[in-house]
Structure formats: structure tokens, C-alpha cells
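In order of appearance the chains are A, B and C, and numbering begins at 1 in each one.
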Amino acid sequence: MTADYIAQQIVNGLILGSMYALVAIGFSMIYGIVRLINFAHGDIVMIGAFVTLGLLQSLGAPLPVVAVGVLLSGAGMGIAVERAAFRPMRGAPQVTGFIASLAVSIMLQNLGILTLTAQPRNFAFPDYLQALIHVGAVGFRVIDVVIMLSAVLLMGLLLLLVHRTRLGMAMRATAENLDVARLMGIPINRTIRAAFAVGSGLAAIAGLMWGGKFGQIDPLLGYVPGLKSFVAAVIGGGGSIPGAILGGYVLGLAEVLFVGLLPPIYSAFRDAFVFAALILILLALPNGILGKAAEDRA
Amino acid sequence: MLKVADVHVYRGRTHVLKGVSLEVGRGDIVALIGANGAGKTTLLRTLSGLLRPRRGAIRFQPRADGPEADLTRLAAEDIVGLGISHCPEGRGVFARLSVRENLLIGAYRRRDRGGIEEDYRRVRAIFPILEERAGQAAGSLSGGEQEMLAIGRALMSRPALLILDEPSLGLGPMVVARLFDVLAEINRQGVTLLLVEQNAVAALNLARRGYVLETGRMVLSGPSRQLLEDPNVQRAYLGGAA
Amino acid sequence: MNLRRPRWIWLALALGGVAAVGLAQAAWDDYLLSIVNFVGIYAILAVSLNLTNGFAGLFSLGHPGFMAIGGYVTAILTLPASRKAMFLALPGWLAGIELPFLPALLAGGAAATLTAFLLGLSVLRLSGHYLAVATMGFLIIVQVLIENWESVTRGPLGLNGLAALTDLWWVYGGLLAAVYVSWKVKFSSFGRSMLAMREDSLAAQCLGVNLFRTRVAALAIGAFFAGVAGGLWAHLVTAITPGTFSLIMAFNIVVMVVVGGTGSITGAVVAAVVFSAATEIFRPLEESFEAYGIAEILMALVLLVILIYRPSGLFGSREPAFLTAGPTHEPGNHPATAKGGQR
């Protein structure tokens, strides 16, 4: 258990955390504005990964173009999900919305299996991205750096959007009090759609990163990031974007350190650990670390 | 300017408004008083498009020389666009947004930068405390300050008609007096007011005409002076002889 | 609770049922029997989930977890000592036990109930979708434990070669018991307090309903039958593997309860029969067209449609009129707990 080893684990945790954070942000945006858990959010990650595969393989497009394509497809998917499952559920009890999004998630997964088969596919980003770099004794690949930097860049852009633009202000107002937002003349349908679009776009990009990092994708891959983004969002405080970012990194680090620092037999219990932690947090800190209060709308 | 005719509103299966009619003239101040649960807030929310009446008509004519619109067919956001601004019950300020952002959000429908700037200055002149607290989160303001913020925010859309739902709720008498002075001034500057209040005295003193709503029905209406002197009103809402 | 029909009708129905089961068990082929058995087990699951979710309004996705616990406990108890030694590394007192079906099933149910108590004490202070996620977390924890506690469960391989003890008698007897208990609960004052809690927990508290205890009880009773269903499943398939007890299964049972009508026992049974029969029919179709996943997609679609257009489900909270007496016995209609009212 050397300092180098720990440093390596921390770096790995940060890389994983960047991806979790991106997904968690989208999840929190949606939760903040419609107060419903979007179970299908994880499957948008899966869609992003497959769109990446498709664009790379069939069009051979350069990476930036692929990224834009992924963003747009994710946004589009998010808007579709909103229209199909969330808009009709507005005003219904929480749990109804949850089941509805669970249903959408299962539909997406099975559509994926139907059209793409459950076989995992291999992913290969261009070679220069796979090159290894060493800083001291800590090693990582170029792609890891790209992932982290782009994640941070996207998060920064998102915060700018939310805090410095008119649309962002409308989103924040709608998230806080939907009825009063309507009294301000804010077009809430459009605002909610925008939140879904942005959040889902980010999730799709996370899918691109996921595929690049792990090299293998299948239609069920959304399950894990979906659940974990939920955990991350709850850790940071449901509905809070900075909370989601914090939660994502905390979760990424915790997961990697859990596996890296404990004896190997415990590694398989990693997911159980994550959920036990979730339950504890829900009980002890229902508003997460950043303690964003008010579950109920005014 | 505003004509409400025989409106019936249901909340779930409950018949909350049973054939309510009222009129607000251009430039007028109209008070609507009544006990808790009478349906006052329901009526205001229906005017703003948050609720839809099952029967009845609501017509609004923002400009004397302009067309009349049927509010029951419009989306809430478009009703704001027509010129009705609603200061909701309990202030409804966006606690996590700054004072400045709250005010700017009031002008969300407007695109005229210059006009918005001008109104922002004007609102801060009417309520200097908002200038002081411009960068603070709205949730950190006191009740009276939040009410001022809510009214200021409502003014930012340059409304023709300003609807206020219990502005005096939870505020001390001196603050209420100041508030109502401000409302009178706003009216003098050309904004029509429809005021819902439990504080019947203050409301009827400010207003020129009044209505009394009781369990979903309009039971009395007339010049406010008349209502203030009506023994029934006195007994029910004004605590005995005025 | 008065049943409108005279007593002898129920006796005749009971005899008819017994005769039908006896005939079917003797005459039908194995394939058909297994389908009917699966349908019955799903019905038990739906009825038990209806108790937790439907009556008490708690949204639990953890039911397959209880199934798994019940199933594994039953399987371990019925396995002959020799097979146990082959697969597992159990402590001495457990390694030697070999029980007949009924006590093993009951033990499985009891284990599930105990777990439900423990789980309930931890998470039942949550509500709404947070509770749903916590129960999902429970399910995942159970899955991980089963997959990794190889000395007790044999991990991902699971236990096979279980005796094929399940037959129509057990399944439909179990279903009858589940329906009976649910019915009794629903139409008791305890059941009324559950429904009151579901409608408006604040009002229920004001009426003196002890929310927490009621919720724990709702979870525990539901868990018992889920555990029994797990034991029945294991001895129908003659094997038990962790993959069965998945989120998809939880979802499927939820679909049955929601579509049938949260709170309606009849609805749960009807929906369970329809959905599980349909799934079994779809399975060979899926295989022949290599179109896996269609049945799930359709189920999810039906759920969405019902949620949008008829969220109270096919039967709502009611049982069909010909089975119950007049309105005074209909829970959920108590004036003190009816929804609506002044603003």
C-alpha cells in the first residue's frame, strides 16, 4: 500500500468520477425541474455509447463530429422521453412517475436487445488516444485525460448556462416553484424540455466516454451508470447541480478506493456497498451533503 | 377592463366557485374580501390561467382601444403577455435566486432591453431596499421585504392589471400601511389593481369598489365606502362596529 | 365482511376447485402444468405485492429479494444432506437438516419475513420514490450477497437438482392462502388503516394510525408470501439461481399490481394470470423469430398506457361487486379519509 498505489487509485477514481458526475448532473437537472426520478437516464448513456460506435464505424467521422452527433442524439432522446413518459405524469404522485420511467428504461433496454442483440460490441478509439502516459509512478492513458478535461469543460459550460443565461434562470425558477414560474410568463413546457435535452445530452457524452474507457458496450450498460448517477445525485443533494458533481466524484473515488484498498474478496461486494451507502445517506442526510432543502414545491 | 361572468371552478370534485361574477374597471382599485377558504385564491389562480373554469367567461381588454381576449382559452404564460401580473399568496419569491434575478424574471416575457432597464430603475426607486439587497438570495429577506420584492417583480412586466393575493399576510401594521401607500401610488401611475385580502379594513380603505366572497359565492358588492358601513360586513369581517 | 352469496355456494366452489385441480394434475401434460404453475406463482407474488404496495401505498421493488431468501432457505432445507455437502459448506447443524416441503416453505417464508422486519426498521421512514430506490438497493444487496456467499448459496451457479415438489396443489393452495389473508387484512380495521395511510398519511396519523408499525406489518406480510412463492418457484424449476431475482422480475410484478389496480386483490390475480400467461405464450414466439425482448416491451407499453389513461388500474381499489357486500364495508370510502375537500 504505497503512496504511489494510492495516488493511482485516486486518479482512477477521479476519472470514473468525472463520468459519474456528468450523468449525475443530467439526472439532477431533471429531478430538480420535475421532481421525478428519471430511471431511463442511464439508458441514454447506453444510447450515447452506441451512437458513438455507429458514427465511428459507419461514417469514420472524426471525434469532435462524433461528439456533436452524440450530444444531439442524446438531447433528442431526452426530449422524446420527456414527451412520452414525463409530461403525461405531471401532477401524478411521485411513485407513478418513477414506475413510468422504469417502464421506459425497460423498453429502451429491450429495444436495444431486439435491434442490436445482447452481444457486447467492441469499441476502439483511434490509437493515439490509447497511448500511455506516466506522471511519476502514476499511469493513465491519453483518453483518460481527454475524458477528465472534457468533463470539466462541459460542467463549466453547464454552470454558465444555468447561472448566466435567461434560459438557465427560467430553469432554476421553474425548478423552485412551477406555478409561480408560470405566473412570470415562463413557458414551462419549453423550459422543461430544455432541461431534459441538456441533461440527456450530457448523459450521452458520458456514454461516449464510457465506451472509450471500457472498450466494450452492450444494450444493458445503462443500468449501472443510471443507478450510480442516482446515488451520486442523492449523495450530493437531489436537484442540486454542484451536489451532483460532488456526488459523482465522491462516488467514483469511494468505489475505486473500496476495491483498491480492501482485500480482493471484497471487490465483488462493491455494488452492495454502494447501495448500502445510499440507504444510509437517505436515512441520515436526506438532503445530501450540500443539504438542498425543500422536497415540496411551495 | 376585466369581466368575470358566472364562473364555476372545481378542484377535484369540490365545487369551489359557484357562479362568480366581478368587474374591474380601467384604472380602478377593486378589493375582494372574504374568509379563509371562501375561494379568493382559487379565483385569482383562475384569472391567471393556472386553473380552468368549467363554466363561465373571463374577458380582458388590456387597452381601451384594443381587442378583448377570452382568458379561459389562454395559457398562463400568454395571459402574462397580455398584461396581467399576479403577485401570489405567500409572496412566491424564488428564494434561491437573487433579488436582482427575481426582478428580471418578472420581465421574462419582455424583449425590450431599454424598457426593462428603465422599469428596473423605477422599481428600485419605489422600493429602495431592493437596491440595497440586489445581490442577496431572495430567501434571506424579511417578510415585508419579500412582499415588496414580489410586487416589484410583478411590476417588471409592465402590467395593465396587477393582481395581489393577500399582500398583507403575516406583516406588521406599519409595514402594511407603507405597502398600501405604495399600492395607491402605483395605481396613480396607471396600473389597475385587483386586491384580495383578509385584512378587510385596509383593503376597503384603499379600494374604490369591493366584493365579498363567501364559500364560493359573491354575496355583496359595491363602492367600498358602502361595504365598510354595511353592518353585515362589519360583523363578519371588520370585528363589529367600525 | 358479509359475503352476499349463501354459504353453500362457497362450498360448491371449493369442491369444484379441488376436483378441477385433481383432474388437471392427473390429465395435463408437463408443459401445460408448468405454465399453470408459473401463472399461479406469479399470482401469489402479485397478491403479496398488492398487500405492500397496493394497500399500504409503499412502493417496494424488493420483492424478488424476499423471494430469493425464501427460495434459498427452502431449497437448502429440502436438499438431502449428501447434496448439501457436495455444493455447500454449511455449519454443522444446518448441513444435516432435511425437511419435508411444508415446514421448509414455512421456514423460507419466515426468513423472508424476518428480513422484511429488519429492512423495514431501516428504510420505512422513507417514502415515495426514495423508498422505492431504497428497496431497489435492498434487492441489489441481496443479489450481490447471493452471488458471492458461495458457501451457502453456491454463488452464480445456484443450486440444482432440487426435488420437483411443487405441483398444482401446492401452488393453488398457496394462492388460496395468500388471497385469504389479503382479503381478511383488507376488510379488517387494520386494512382500513393501511388504506387510510395510503390515501393521506397526515390525516391517518391524526386519526391515530401508527404509521410506522402499519408499514412494517404491510411489508412483513407481503414478504412472507413472496418467500413462499420463492420456495415454490425453486421446486418447480428444480433449481435456483440468482439471476431469476432481478429488477426485471420486480418490474413485472409491479406491472401486474398496477394494471390490476393497486389495492384490488381480484385485480392482482387477474393481471397476474393475463400477463404471465401471455409471457409464457410469447416465449416460444420470441425464440422462433429471434426477437427477444418483445414481451417485455409490450408489458412496459401496457403499463405506460394504463398509467396515463387509467392510473387506478383495471379494478381500482375495489373487488368485484358480486363478491362483497354493500358500501359500508368498502375500505377507502371512509369519510374521514376521503381525498378532496376544501382548499
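Keep this in mind: a contact is a pair of C-beta atoms (placed from the backbone, for glycine too) under 8 Å apart; a residue touches a chain by one contact, two chains touch by 3 or more.
Note that the structure is predicted; figures quoted are calculated from it, not measured.
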Central chain (by mean CA position): A
Between A-C and A-B, the pair joined by more C-beta contacts: A-C
Cα-centroid distance, chain B relative to chain C, in whole angstrom: 53
Distance between chain centroids, defined by C-alpha means - chain A, chain B (Å): 42
Rounded Å distance between chain A and chain C, as computed from the means of their C-alpha atoms: 33
Partner chain B, residues of chain A touching it in the complex: 166, 169-170, 172-173, 176-177, 179-180, 182-188, 298
Residues on chain A engaged by chain C in the complex (per definition of touch): 36-37, 84-85, 88-89, 92-100, 102-104, 106-107, 109-111, 113-114, 118, 223, 227, 230, 234, 268-269, 271-272, 275-276, 278-279, 282-283, 286
Residues on chain C engaged by chain A in the complex (per definition of touch): 59, 122-123, 125-126, 128-130, 132-134, 136-138, 140-141, 144-145, 147-148, 247-248, 251, 254-255, 258, 291-294, 296-297, 299-301, 303-304, 307-308, 311
Residues of chain B that touch chain A when the two form their complex: 48-50, 76-78, 80-81, 85-86, 88, 90, 92, 94-97, 101, 104-106, 108-109, 153, 157
